[in-house]
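Which chain is which? They are A, B, C and D, in the order written, and residues in each are numbered from 1.
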């Protein structure tokens, strides 16, 4: 139940990829027929990915994952000219791939405004609008948050971007496959996605780049991906991403209803059986598969470990930051109280989860929280 | 016979990877046991890769391929401080991943000396030595060239680097698995490799970084790979690379003798049966699997296409540049005459090639060259 | 990765609890930092006849807490003060890299409890 | 990717050769650039009774050369001059993107050959 961290590769995706590892192993840039097969797979995959988000084939660039997509979008727009000082607007709850790229860009002399979120984790539109300056070139606001699942008002932000003639990037790594994602509906110029979050393989992702958006590459080499992302194309990965994306689109309707039912039932039982608990994030503007609870007097890693011993995988804070002992920047940003902030778990469901699993999870959660509180609270001997 | 462009994944590599796509799909940064399995695979793979080149586990960083490894090495060493002007020494025959990164760095205000090669494609040591300046920080010279297979005197260059207290990087994408590669033997501080050139999967590579070498990352995000290469680790890819590398080491002795025998026999027959032909590169200081011929009055793409129709894959120039009509920068650098420069093919053998295939190739080459000359030369009606 | 022993101790911690009439109490950490360890000692003739703990914290915080109580219980104060961070880590079958730092907290709490006992006695 | 027709024409080019007593010869390109196309024409009563070529060059250079000779042969000079780049490409079943540029070279050579014929006649 840690599907926001990563997902197993779907068997249908695996089947699609397999031939490209062995028989059809060519280099898409080669002229000979082995290479031509690869070139066809590349082009077909690009259309599939494009179609799933309402884009055109030429607007899709394959990358090595969500992190690189975010980096190309941000580093690609901001000037590298010495002394050129440009401004980005982003939010305090972005993924480290955006936040750390922003601090790198600040180090290069650029400026960044980190717009706050309200107590439910939604970006304040007024603050976005007020943050616009003369030298602002880019707004980057994530579509859905990876920890608390809140869905940001990207469409409304697109209005602000358009009015001020700014590029708009959105990190849709968590929303693709969970809620409808359409680049024209959202009004974004760039959009990041990652394959391994949607039952595709790891090490591959994509960046949507609206026609007319001028980007500089981050890494340099051969002319692959219009020079924006050189390196021999990872054809099996690309084929896998395309299959995963198109399966996700196909299944979106049924899967999201299924996951939302499970999630809502989980939330109800947790509140019914455990005291001193918070649901972090927004009650309705959130991904259908995400629940993020904070339990008072319980520490996240310990909770995680006990759930793990019961065969249940969840995460605390974001998987990416779990090695540090700091509390999550997202939970801090929504102003969660100190006695709750360390006791948070993210439960992110997948299409294959069942109601029985939810019942089991609720039972184990109840026992575990009780046990850890018994160890921790002086009040409970 | 285009193994320098890319190779099919070895069945043993495939077997090693497969479980990590599905059952063992965890995120190596997660704390729970699915994640821990991934973390173990990551660590084991890192040791395997390290061991194969005489390095230590902590000195290996996984990347998305050879291009990214080269970029991290070069961009990582050169300062991003505005106004800071540093100097790199490289060669005219590097791969575009190095050359284009160098021009990017020149655009940022740094300086680059492109050392020439002799008519056999070997870098001139004296020129390397003379190129050293006060502000030189890095020498980057490839171990083996991807087009003409020449092996550069990296060990001797390491002497120059050491004397002048410079970092030394080598692009070993083509040499790993073909000739012995040991970072201490070579005396390099950084070394790039790519998995898909040695029967591993595409989209994964590694950079060796000697302890004490200070590098800045190129992309930013979570703390993966010591912050030097963030993004959810591509565990199946990493496991595949490790398996490929260790198979290549194991098989190096037998495979290189086998490929050298085939190559030498090919060269002999080509010179025996076709007139007006050159072998580009050095006669002995070259990869055992590489032959690069130039045929007078024959154009490379046409030759390639005809061989392809006979079921034989080769490349002309480098696969990466085959879409442009320019002639290879490597062949230009060795001073090949104009009537030969467009008629070059690279034949890069793999372990699975046989003597029968070589005989077949020689026959087809002879016919094809004759046919194309008949179309092209006024002398032969 | 945690050792089997660490996970065992974490899952079934011994000596959890409050000693109501403790001779010494020591607390380290704060809720804000994410780890709070409280140690309670009962002393008779310079011997720690009972040691109990309450810990809000991570796997290392809990497993070192229970291990410290087990190592200290029945020892003289002098012997208990001689228990080192290495002793605790060894008894737990080693701790993952980067987690060693936390492992000192439980010992610190024990030392504070002993100090508290001495202060009260003095 | 080349069309089936392009590959067919490339593999079995028609009208390859030199016309020793040509009425006009036209050459474009140079060995340095990597493409040299030479067209030979035989003219009778304003009709191209024979057209032959020699081409050193890529797949497009060779396939457009043979296609141009086939389209031009038997036509009047005026008709031959009216053959467009699009006609050649269409006859070849289309050319890959970015390769259209080269496709004009063979026509250029034919035009030069016709010019050469006219100059000689004048």
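Of note:
Basically, contacts are C-beta pairs under 8 Å (C-beta built on N, C-alpha and C of every residue); 3 or more make two chains touch, one makes a residue touch a chain.
Predicted, not measured: the structure shown is a model, and the values here were computed from it.
With every chain reduced to the mean of its CA atoms, the largest distance from subunit C is reached by D.
In whole angstrom, the spacing between the mean C-alpha positions of subunit A and subunit D is 56. Rounded to whole angstrom, the centroid-to-centroid distance between subunit C and subunit D, based on C-alpha atoms, equals 91 Å. Distance from the subunit A centre to the subunit C centre is 40 Å, each centre being the mean of its Cα atoms. With touch defined as above, residues shared between interfaces to two or more other chains in subunit B number as follows: 301, 305, 323. Counting partner chains per residue, subunit C has no residue touching two or more of them. Interchain contacts (touch definition given at top) occur between A-B, A-C, A-D, B-C, B-D.
Residue ranges of subunit B in contact with subunit D, taken from their complex: 297-302, 305-306, 309, 323, 325, 327, 338-339, 341-342, 374-378, 381.
Residue ranges on subunit A touching subunit B, taken from their complex, read 2, 5-9, 11, 14, 21-23, 25-27, 29-35, 64-68, 70-71, 75, 80, 82-83, 95-97, 100-101, 103-104, 107-109, 194, 196, 201-204, 218-224, 230-237, 301, 304-305, 307-308, 313-316, 319-324. Taken together, the subunit B residues at the contact with subunit C in this complex read 36, 39-40.
Contact residues of subunit C toward subunit A in the complex are 2, 7, 10-11, 13, 16-18, 31-32, 34-36, 38, 54-59, 61-62, 98, 102. Listing the residues of subunit C that touch subunit B in their complex gives 1.
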